[in-house]
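Please find the structures below.
In the two complexes below, chain A is the common chain; its partner is chain B in one and chain C in the other.
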Partner chain A sequence: MTNLYNDPFWHWIVVVVAMMLLLFVLVSATAYVVFLERVVIGHIQRRPGPNRVGPRGFLQMAVDGIKLVTKESFIPHNVDLFTYIAAPSIAVLAALLTWSVIPFAIWFGGVSYWIANVNIGILVIFAISAMNVYAIMLGGYSSNSKYSLLGGLRSAAQLISYEMSLGLSLVPIFIITGSLRLQTIEGWHGGLPLILVAPLSFVIYLISAVAETNRAPFDLPEAESELVGGYHTEYSGFKFAMFYLAEYMNITAVSAIATVVFLGGGSGPVLNWVLWLLIAAAIFLLLLWSRFVPPFGALVVASIVFAFAGLDTPLFWFLIKVLAILFIYIWLRSTLPRLRYDMLMQLGWKVLLPLSILNVIATALVVVALT
Partner chain B sequence: MATFIFLVAAAFCIAGAIGIVLFRDAIRSVLSLVAVMLALSSLYLMLSAQFIFAVQVIVYSGAVMVLFLFVIALMGPVREQPSTRLRFQGLLAVIVAGSFAGLVVAMLGGVRYRAPDKGAVLSTFGSVESIAYGLFTTYLYPFELTSLLLLVAAVGAIYMSRRER
Partner chain C sequence: MADEPADRVSGLILDPAPADAGSQILTVNFGPHHPSTHGVLRLIVDLDGEVIRKVTPVIGYLHTGIEKTAESLRYQQVVTVTDRHDYLSPLFNNHSYAMAVEKLMGVEVPPRADALRVIMDELCRISSHMIWLGTSGLELGAISMLWYCLRERDKVLDLNEEISGFRMHTSYIRPGGVMADTTPRFLDLLNTFIEEFPKSIDEFEDLLTENPIFKARTVGVGYLSRADALRLGQTGPMLRGSGVPWDLRKTMPYSGYEKYDFEVATDDGCDCYARYKIRIRELRESIKILRQAVDQLPDGPINVDDRKMLPPPREELDTSMEALIHHFKLFTEGYSPPVGDAYAATESGRGENGCYVVSDGTHKPRRVKFRAASFVNLQSTETMALRGMVADMIAIIGTIDAIMGDVDR
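Entry: the complex of A and B
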């Protein structure tokens, strides 16, 4: 099999097919991230969680999706209609565009195919995630409701504050690997996890990423006890579903970036198919008594299919690592209480920002001393 | 393909620029400005200035315009009233726009295109590496002085806001 990338015609075909696949897989996977969250939180709060629709609640998200799409899309009075409709569209657009540069490749015939392999990969991600602020701000502004507006304003301040520590937390990685290309960072020293080299960066990234995606304990833009639903209070039906989908796609994207940058992406021991099936069976048996079966079970089935289709293991390791980070996010959400607004700002500006600047300086000094 | 992308981006730029001036609603003007910034960034990308493209989106659309939006949302939806305009504003606008257009035409006539310098490596042109190399070698002092200027401005802004309290 020759490298289809080098052919000008097949290049386009590959990119378009990869994009379609990504769109389809991402949207359905996102639904199951929501499901995973509901099941895990249910476990942590010692209740069953969704378990009625389909085997072990497996069809819950499909039913929820149909409900949200067919629901009446109510538009309140005196909304700014153009921005009101534009806001959820921007949210989904930004969430999907982020995935275009994530090296979420399919290894086929010894060649890995990804949508885009750009020199400034991580900067593109920052640029696109900057667009998220517009979705939330415009949603809050156009709804003609004080709760939405307050949620939007809070979120603008929060996202701008935490964007800096998020960006600075990755600068040591650029200094160490000498590249902004995600594929190079992933394959640094044969996929050595950078968390071993820059653990502080990982911690700062994880905390800032929670704030950037408006997740608990930093979910002040939608604090339901104060703001009803924050910026999406006045949204219902499909437009609400778009915001919801975008939120979970962003969380998955943030976890994928953490996987690629800090955990070595798809690197991991290469398994032959016998070991592969054994591991899949072990995971399956281990999970059979827990109620995490549906999401992880899907992963197990997928990995068995990959093993037989001749697709390589990187995708499996990538997915395992992404799921691990997603689990941390869900764990955080169900464990920690929401921060007060001034505490949030203090944490961002007085703790994380100085810490990440010190981290950059220290890393630069060490790298210069070593070379 | 390149011409097509250029035309689309240029159309967005011009439409956005007209929108900034013509919209009475402040938030629409800000959104038009965002459209201009994004279209401009795609033009940078076409000139293979990848880094400038990313920075343009991150800094201008991501930070500066969000602050504009923040202030406007804080003030609430204020519409510009026709009565607050000057009486002879239309005439003034025509004169200023006409002279500016004349200036642009005169400048465009004087543009001289030249071939790239001998020895310039075009494969790395506009990449992060080449810009970083320029910033930390040839242009180190101007670069550091600019950042000092920004620091002074930030400290000044904080001082002003504290004194008012």
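Entry: the complex of A and C
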């Protein structure tokens, strides 16, 4: 099969199809990230988590989604209507746009199709994710509530502070790989995944990303014990769902970036289909034995693993790695207490920022010395 | 934090610190419906940015009229309403009330009843501290603590259920003794609990005690000097956290606490972390007391042998005329202590849980007044929270461990 990218007409068809697929997959995948979080936190807290709606609770998120979307769209008095409605839209917009450059590709006929393969991929991501500040700040400012206002103020400061170390944590990667294009970074063949070449960058990135996505232990903008719901206190129904969706899309996005940049993206052992069939059979038996899902469910899971891994191994490894990083986020949330606002600022400006600058300088020196 | 601000007169803030020039004060209303106000505490907070300039606690949202209700109930009926004011330590409320009535009646409960009271008190302290640890962990963001702690508390509730039939509002300790004797299953469950609970405490400590974030959130936060603690009438862990070794179980022993070997946990930290460590140590001391109490549990009756106060056994009713008369009188009129008043106090998980009963010689108390530890401890909110940040205030509300039912009664 020829490469459809070379045909100007088919190129656009592919991009549009990929965008639609991505939108669909992303929204439903996000719902299941929420589900994963609830089940994992449930088990960490020694309770089953959602398990009533559908088999093993798998339809819980669908029901939650329908409930949120069909709820009355309540708008409090004296809100700044335009910004009040614009804020959640900006949040979702930013979250979706980030995904346009993440090399989350469809391998078809030996060619990878992605939406955008731009040579400044990382910069695009930073530019777009900076828009999140507007969503949160405008949401907090416009909803005419003091809790929201405080939440918005906190997050404005927090996001701006951590944007710095987040950006600087990736600079050593650019120095090593010599590219800002995510596809090049993913395919960097230095012999090792970049997490082993630049472990400090990975740690700084992971910590800053937690702060950047307002997740525990840095979830100050929405610290429910202090500010009720933070910036989204006054939001309900669909508009709340948009904030919620955006948050989880961002988490998935930062995990995907970490996977691409540090863990080698879709690279992993490529096995032939016989081995994958054996692995799928093993998973099937394991699920049967664990009695976590009914036999039919086990069959479905095993078939999905086989179909994914056998047909599109890179995508399979990519998803496995993203899930691993998501698990770390969920784990953090369920175990660590929340930091105080001023401690968060100190951590950002006095620890992470100098550390990442040192990291950049050290990496540059080493790279220069080696070449 | 050693130097005390000059405007702290008699522990109360008379003149809140003036805001910096050019800054604006934002008045925020926390509560009564707020995720971390332990029920319905309302705090009107003046904020300068995130810094607290003034805190005004507003109480009364959970007023239940328990003290007034007690005036229209017979002495033995009052026990059931005492359960419900500090709803996390019902046994201590029962105990204080029972001791006050026993003082009025001039009776002494048998040693087995005393030992059972101690056992149930210490179990209740554990369950109350479990709620404190769980909720204050939750408020600081360690959300899983709540589930771990409620799970342990459930074992105590199982014990309550086994011995009294009720899980929370047991009304187990009554004037004249206790409600029922132990069952073999109760002792089995209790022994298992004594063996297993210290391991759970170790697990909680693994999660929190040395956790850098937890320490950063609590060390030096909610500073309450020894002088302030005494001036504000603090009791319980709030007072012991400021370095005053005052524990009614040691200083004014009741129900045979002098027989048990245990230590009063004190700490000179004066902050939320010190109070956390004290409560954790109290859990371990409670287990120590429980172990001794179970080993030394004396045999004998569990109620005073006074037919004027407690009903006769069922079988006596068939043979004894007096027994029938006593039974009839007790269940139609009740008993009437002589004119007078009595105060008795127990050391509950929150501090001095006192009960003052006035008798006018009739079968109903003239007045029942509870000295609620939560109410008094809540006074220190502003002293501790001032000039701190909003997040500190949440830690401080958690460390006071105020039960709003106890505050408003």
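Simple rule for what comes next: the second predicted complex is superposed on the first by the 338 of 371 C-alpha atoms of A that agree within 3 Å, B and C clash if a C-alpha of one lies under 4 Å from a C-alpha of the other, contacts with A are read in each partner's own complex, and residues count from 1 in each chain.
As a working rule, contacts are C-beta pairs under 8 Å (C-beta built on N, C-alpha and C of every residue); 3 or more make two chains touch, one makes a residue touch a chain.
This one's a predicted model, so the numbers in the text were calculated from it and none came from an experiment.
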Report task. Mind working out whether A:Leu336 is in touch with chain B, chain C, both or neither, as first, second, both or neither? Result -> second
Report task. Once the structures are superposed on A, label A:Ala156 by its partner contacts, choosing first (chain B), second (chain C), both or neither. Result -> first
Query raised in the report: So, A:Ala130: does it touch chain B (first), chain C (second), both, or neither?
Result: first
Query raised in the report: Touch check for A:Glu72: first (chain B), second (chain C), both, or neither?
Result: neither
**Report entry** First, second, both or neither for A:Asn119, with chain B first and chain C second
**Finding:** first
Query - Interface residues of chain A shared between complexes with chain B and chain C - result: 149
Report summary line: Given the complex, residues on chain A that touch chain C span 41, 44-47, 146-147, 149-150, 154, 216-217, 219-220, 223-228, 333-343
Requested in this report: Provide the residue numbers of chain B that touch chain A in the complex, in ascending order.
Outcome: 25, 27-28, 31, 34, 50-51, 53-55, 57-58, 61-63, 66-67, 69-70, 73-74, 77, 127-128
Query raised in the report: Okay, in this complex, where on chain C does chain A touch?
Result: 26, 28-29, 34-36, 47, 50, 137-144, 146-148, 151, 207-208, 211, 213-214, 216-217, 389-394
Report summary line: The answer for chain A against chain B in the complex is residues 80, 82-83, 118-120, 123-124, 126-128, 130-131, 133-134, 137-138, 140-141, 149, 152-153, 156-157, 159-160, 163, 180
